[in-house]
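First chain written, first letter: the chains are A, B, C, D, E, F and G, and each begins at residue 1.
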Amino acid sequence: MRSLILAAATRVVFPLLLLFSVFLLFRGHNEPGGGFVGGLVAATAYALLALTGGVAAARRVLPARPEVLIGTGLLAALASGLVGLAAGRPFMTGLWGDVSLPVVGKPGTPVLFDAGVYLTVLGVVLLILLTLQEEDEA
Amino acid sequence: MSLRDLLAAALMLAGVATALLAAFGVVRMPDVPTRMSATSKASTLAKMCVFLALALAFDDLGVAARSLAAVAFVFLTAPLAAHAIGRAAFALGVPLFPGTKVNEMPRRNDGEGCDPDP
Amino acid sequence: MTLLLALAIGVLYAAGTYLLLRRSAIRVVFGLALLGYASNLLVFTAGRLSREGPPIVPEGAVAAAATSADPLPQALVLTAIVIGFGVQAFALVLLKRTCQEAGTDDVDAMREEG
Amino acid sequence: MIAAVLTTIAVAALAPLLERRLGRRAAPLLALVPAGLFVSLARHVPEVSAGGVRTDSLAWIAELGVSLSFRLDGLSLLMALVVTGVGAVVLLYAGSYMKGHPRRGNLLGYLLAFLAAMLGLVLSDNLLGLFVFWEATSLLSYVLIGFEREKAEVRASALQALLVTGGGGLALLAGFVLLGQAGGSLEIGALAANAEAVKASPLYLPALLLVLLGAFTKSAQVPFHFWLPDAMAAPAPVSTFLHSATMVKAGVFLLARLHPTLGGTPEWTGIVTTVGAATMLTGALLAVGQRDLKRLLAYSTVSALGSLVMLVGVGTPAALAAAMVLLLAHALYKGALFLVAGIVDHETGTRDVASLGGLFRALPVTAVAAAAAAFSMAGLPPLLGFVSKELLYDAALRASPAPLLLVPVAVGSNMLLVAVALSVGWGPFTGRAGETPKAPHEAPAAMWAGPLLLGLGSLAAGLFSGAISPFVSAAAAAALGHPYGVKLEVWHGFNLVLAKSLVTLVVGVALFAARGRIRSLAGRLAPIAAYGPGRLYRAGLAGLVRFAKGTASVLSSGSLRQDLRIVLGATVVLAAPLLLTRAVLGAPDALRSVRPLEAVLAFLVVAGAVATVLAGSRLAAVVALGVTGFGVALLFLVFGAPDLAMTQFAVETLSVLLFVAVLRRLPRLQSRSAPRARAVDALLAGAVGAVMTGLVLAVHAEPLRSRLAPFFRESSLALAKGRNVVNVILVDFRGLDTLGEITVLGVAALGVFSLVRLRLSSRAAAAKGDRP
Amino acid sequence: MGTFAFLVFAWVAVTGEVSVANLLEGAVLAGLLVLVLRVPLRRRFRLEKVPKALGLLLYFLKELLLSNAAVARILLSPASSLSPGIVAVPLDLKSDAGITVLANLVTLTPGTLSLDVSPDRTTLYVHALHVDDPDAFRREVKEGFERRVKEVFE
Amino acid sequence: MNTLLVLPLLVPLATAAATILLARSPRAVRTASFAGAAASLGAAVALLGATRDGTILVTQAGAWEAPFGISLVADRFAAAMVLVAALLLAAVVVSSIRGLDGARERAGYHPLLHVLSMGVSGAFLTGDLFNLYVWFEVMLMSSFVLVSLGGERAQLQGALKYVVLNLVSSALFLAGAGLLYGSIGTLNMAGAAVALRELPAQGLPSVVASLFLLAFGIKAAAFPLFFWLPASYHTPPMPVAALFAGLLTKVGVYALVRVLTLVFVRDTAFTGPLLLAVAALTMVTGVLGAMAQGDVRKVLSFHIVSQIGYMLMGLGLGTRLALAGTVFYVLHHIVVKANLFLVAGAMRRAGGSFSLEKLGSLLARSPLLAAAFLVPAVSLAGLPPLSGFWAKYLLVRAGLEAGNGTIVAVALAVSLLTLFSMTKIWNEAFWKPAPAGAGAAPAPLSAAERASLLGPVLVLGAITVAIGLGAGVLYRFADAAAAQLLDPELYVRAVLGARGGGT
Amino acid sequence: MTLLSQLALWVGLPALGLALLLTLFRIVKGPTLPDRIVGLDLLGTLGISIAAVVALSARDAVYLDVAIVLALLAFLGTVAFAAYLERSR
């Protein structure tokens, strides 16, 4: 939908959505939120961009191809599970660091896992929506 | 009951009343633009009131900040929806209320009304 | 309220089932979506409804309130919702492609021929 | 013994290769394998004749009593000698007969493999082991009958043989299992020792019937006899080997083998004798009117098999001795005659007896072999056939239940068979030369050597029948289950039996003389004869295929709706009665109160669902669906599930984007079903909904006591360092679910991508002018 | 820089925690978003516009609240009393942001709804529930909102 | 030790992720896919090795003890299923190297294969009912994509049916899992086994059990729920169909076996006769369906249905011998049926069609192919001494020992018709001269094609022969597996610890 | 429970429920697609208010987050619908 008003508003809403998605991701362990909903919200940000500015515009600001996001997300989730194995505990055993980091909070394998979820969900929704919209535009 | 609570309650009730008004409007108004008109602002007002009530009701700076942020979001996004719908309805040629006095907006294409999805 | 929801779940299943049995494949996909809602609500309800708030440990407490909603069905439903979204996306696109290739969305016309 | 069988199989596998290397020298070389086996087996004759038994065993599935245990006694040695002896002759013959055939090597290989299977069958002392070889012979016979596979009728005959014998084989399997149950072992020897218990078992009769079914189909007994003449589509060496000398005798062998265990009861005697007698007569009657050399022989074989079965059914020592001699005699003369028929066919290009005559001049050696075999078959002294016929008549006379019935049948059948024997072994070689497609020349030695050897064997065995008496006795003893001695003689003196033999011969010769008229009569009766079980088989098969097609079109109509109706109907049919009979249906035990907003939300959900059903346009349906989704999300919210509400809202929004992206390419909604179909569907849908509501209510009739929820509430922060219990479950307590779930998502995305992209690329390819 | 500051501010607002640590977190995140995700928001942040912006906000809130009653009256009055219309308002504003903000403000205040901007960006089409005099209406919009928006955004 | 339990999930997932990331280089994808398949196979072999002595391996994902976390459990049956699945994956990966077009390969074929394998292994190994649902979805979703990959019309129509019916099954399963949690408060299978002991028999749980029966019955393609299978299995590329044919329905059978021997053990009075009736009807309708077909793939597809009946027969009889028969049958059938589909692909390549009418003289064209067909076909028909015979024998014997002659008669009659079906294919495709109107025969198989197309076939055929000749080995295993299945206490104690059994 | 909570629970939420029903009427009635979409948009908007009022009635700020998510997302669906309508002219 080519609309000056929408396009201009998108420029503000887009980063807000992304920011908020990260907020949801890292808060999820303690408050409502988490990787899923974070990933979904992030995806809506790009979807909005694609809707108002075209798929090409959305692709331009994507940090990586959606497939790569999916693969990376899956590997991150997998890696978080392997940490436990490497430590001689069962697969996916939650292990936590002691220091607290900015944004992330205490680093722990569940956080990495949730981040993997976030990336995967983002990649998935983007791959689906961008593919479809691209075809729709064609 | 503290004054803040009272104020919050009043705001909440005002918001709810406005929301009800919006719903009432969407039922009563005769055509798409008027319905959209009724809902977009009344509901925005409603949301603002309710969020302000929230900001007051919790003795928590964080909640207040988030509530105000929510109001900002609402101001930012609610008009976009109204704009998009109004524009689409107009472009589609959805019939206007017969009482519409002025129409200075040119039809963009053929002006033929077409239902996209009978 | 449980009774009311049980009835609503029944209606969702019934509506979903009815749509599954339509000749129009697009209605079938709508039916699948309704079945998804029905199943999710059913699982959610199975943990018993609670009005006592979400299973979140309040700041300063060590455990979530014993009366808070059962967290497990919530987690299950969340998983099911997300899976359902993926499935729905795929089903929709499959539907679209099938209609394009078959030239119709009439499932009765889609009997295989060799 | 095991080694012998396995070696033969290995050689069989190499046969085609060998043939390609050595050409015509391969067959004689390969024939050395059975010949060698024959010799080494023959070395055991004295020992076995003296009552010795050799065994050899290899455990297979010990826990189930399955083993490869072999037993060399009189019965198996007799069969094994027939198998290897005729096998050697046939292999030699086949090399020559199939000269120039591109797949000669394959045929030799199949024959050797078959020989191994047959050897295994007759030597097996374990029912399952025997069964394995039994089925192997069925399968190999299919391959051998279908050797000239280019012809449709050849393929049909092969299939027919396989289905009839294979079906019997399955009955046999069940019979064996029952037998094993009744007797507590699968070892034939052990069963025989436990025969009384077996016969007393309630499983005896079913086991007997099933075993008999297996044996009768394999040995072409009425009413399963029809497959054998049709199997003559096989090349001559195959017919010789399988359909006269060996495989068809497997059923008889089995009956003899199990006689100690199963025999002697009224059921056994009644059924086996009757079926055997009926087959004997039927085969003879059908044989006499045939014009085709091989069909003449085939029907006469059916008759002979009937005789054998009848004798085993009678089950007296004399009868079993007679059976053993007939078995040997038949292998010799019928083997020879089949080979002769093959030579005649090969040399003249026809097998029509009516157009054959005077071949003696062109095929002198063959003629001698033919005459010897035919005379044996006709029961002329001093050939073995005569000895065997005498024994047969004797046994029939002394059969305890019904000699009055058996004797006329036996004599009558043999009269007809005399005519048949002469038609095959005498008629074509004497009299005026007929018009044949090819000018005949004597066949190469490799071909006539076999029939000659077998024909002369008939003579020798007859002349020296006394010498083989101990061996025959041992065979009969094995079938009897106790020691037994019989003295074979060509000359018994003048008695009732001899008189019968003479009458048989005289009438038989007369029938031969009248063969032209008999054939024309048979020709006129042919339409009646066509109403045999063969026709039933064909009609049955065709009917089955038709039925299958009908069933398939009803059951899997290809209609998604039909399939769904069945699936959903099954759900209702299965769950509803259980629900009504087994579950407590009551009001929910908790949360009975209703708040206004909650009621509105439930209504919203329902209204959205109903509106989706009723929606007349795609977009209206999407909107209605959105209403339901929205209601569900808010229900999550008010019942303490903010995470769910959030996720549901996000998913709803994305669903809208999704729908909107594909909706334009979807066809418009149309109403296509008839009102009646809609009513039926609505009924079914209502039933499904009612069942689900009932299930929910049934679950809620009892309080839920879960250890899980308290654990999660209490451990979330303490053990998993997270305050949002739901999220902690998702990423930690049940992280594996989530791992699977994001995998599903990833795959779904790949799916969408590939569905769209594969098309885009094919479109691009089409645009470029490539083939799509 | 404008984007960055905006995002840091938004982060603080959303998290509702005003502390150095949280500012730092916001900065890290905003930096990541700007750098990695190549967020497209190019406006520079100008401190001197803040008072004018606050003024605009106040004016808007006043409009919003004052016409609160009007909303109710309009919604509760019979439909026949409506005299809606679509009015073309010529624009002095040039920037996308300015036009957007104006359009949104118009939409958010009772009785009016921005339908579209003409492709040449010179006209804003506004739907109003009561249009007695189109020219008066145009003036009202231009002198009320447009002037104030122009002061802040251009 | 416990690592062994997660490797069948991790290796495929890592392989899938890697192949997604490497997507732009087909060579790298193939290499990674092959390496992943080999690693999966190795892991599965190790897993079976660790469970052969009767050890029930258990690991609790995330170190959360049962019933709070998700248990992964491998007893003999599960481990064997994982191994056969891995074997099949390897065979399919190898035969895909030549049997697949580039477009499909680029469209994510290899990651899908591995994800499918992950889902299947997860379904075999999980000890949690909801987790089973998730693995089912993993498996289904990848199968959805695989079945529609290529986008030809027939394929898409088949895929649509396949998707819809399987989603209905998923909905039933999900509802069943939810209701079970709602009535006993646990999802852990061992926990559920314990909890159900304390409830009155024939109460609500048996109603809930019926939902599981239906859901798994659809997956297993049991009568009357099998329609989706013949409608879709013949459409995808043959390596894919082979994987489906071998594995997917067996996951349904596995799930039925698992819940009926572990969880809903007190419902046998109801489920036993029901299963036997379903088994008989499944056998018969499947084989009749096959007889009606003229397309190799469809004949084979309907036979899957028919053979499922045999597996259910053992489960319905419920004795140790019968269960051993089911285990034996399932393992044998996975190999044989997948093999037949792979052969069908090679037949198509060599003869230019799947239609029996259009095929012909394949025996002359490629004796090796004929041999490759013959082994699994004869085994499927249940002729000795190949694997199928022993599977059938065990079931027949179990049926007769249980005094159920009817089901045995049906089983035997159906096996004759199966023989008929296989012979029909042989007669028409291999023996019959190529029909005149069939056009030019396709080019003879190149050496590389033979290696890729027939290599896996011959390996699987060799396994079939080996199972047949060494039936004792597999029987002993199946018997031991059945013994384990019949003693749910072993499973419960392994998962919940000693205290689990008591409370 | 405070008065605020009670008010939210027994006045605020029922009133919003009534608003939902009114909106539902418009969605079902139509008559045009834009009308339905206007209704759906309002439904989302009401959802935001409901989440906020639930937060008041439960005195729990977690519901505020739901409201924010909804506020951020609700308009997107409407815009997508509108885009669809415009494109399908």
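Structural remarks
Convention: a contact is a pair of C-beta atoms (placed from the backbone, for glycine too) under 8 Å apart; a residue touches a chain by one contact, two chains touch by 3 or more.
Since the model is a prediction, treat every value here as computed from it, not as a measurement.
Counting hops only between chains that touch, subunit B reaches subunit C in a minimum of 2.
Summarising the inter-chain layout, the chain whose CA centre lies farthest from the centre of subunit E is D.
Averaging Cα atoms per chain gives one point for each, and the point farthest from that of subunit C is the centre of D. Comparing each chain's Cα centroid with the centroid of every protein Cα atom identifies chain F as the most central. The distance from the centre of subunit A to the centre of subunit D, with each centre set as the mean of the Cα atoms, comes to 61 Å. Between the Cα centres of subunit B and subunit F there is a gap of 56 Å. Each chain gets a centre from the mean of its Cα atoms; for subunit C and subunit G, those two points are 21 Å apart.
Averaging Cα coordinates per chain places subunit F and subunit G 48 Å apart.
Looking at subunit G, residues 16, 18, 20, 33, 37, 39, 62, 65-66, 68-69, 72-74, 76, 79-88 sit in touch with two or more other chains. Among all residues of subunit E, those that touch two or more other chains are 10, 14-15, 103-104, 114, 116. Shown for subunit D are the residues that touch two or more other chains, namely 558, 560, 564, 568, 595, 599, 617-620, 638, 642-643, 646-647, 650-651, 653-654, 657-658, 662, 664-665, 692, 696, 699-700, 704, 706, 708-709, 712, 723-724, 730, 732-739, 741-753, 755-757, 759. Residues 67-68, 70-72, 74-75, 78, 81-82, 84-85, 89-94 of subunit A are the ones touching subunit F in the complex. Here subunit D touches subunit G in the complex through residues 595-597, 599-601, 603-604, 607, 611, 617, 619-620, 623-624, 626-627, 630, 633-634, 637-638, 642, 645-646, 649-650, 652-653, 656-657, 660, 663-664, going by the rule given at the top.
The touching residues of subunit F, when paired with subunit D in their complex, are 9, 13, 16, 20, 61-62, 64, 67-70, 72, 103-104, 107-108, 111-112, 115, 118-119, 122, 126, 130-131, 134-135, 137-138, 141-142, 144-145, 148-151, 160-161, 164-165, 168-169, 172, 175, 179, 181-183, 185-186, 202-204, 206-208, 210-211, 213-214, 218, 224-228, 230-231, 285, 287-293, 302, 363, 378, 383-385, 389-390, 393-394, 396-397, 400-401, 405, 408-409, 412-413, 415-417, 419-420, 423-424, 427, 431-433, 471-472, 475-476, 479. On the side of subunit A, the complex with subunit E involves touching residues 3-5, 7-9, 11-12, 14-16, 18-20, 22-23, 60-61, 63, 102-103. Subunit C contributes residues 1-24, 26-28, 30, 33-34, 37-38, 40-42, 44-59, 61-66, 68-72, 74-79, 81-90, 92-97, 99-100, 104-108, 110-112 to its touches with subunit D in the complex.
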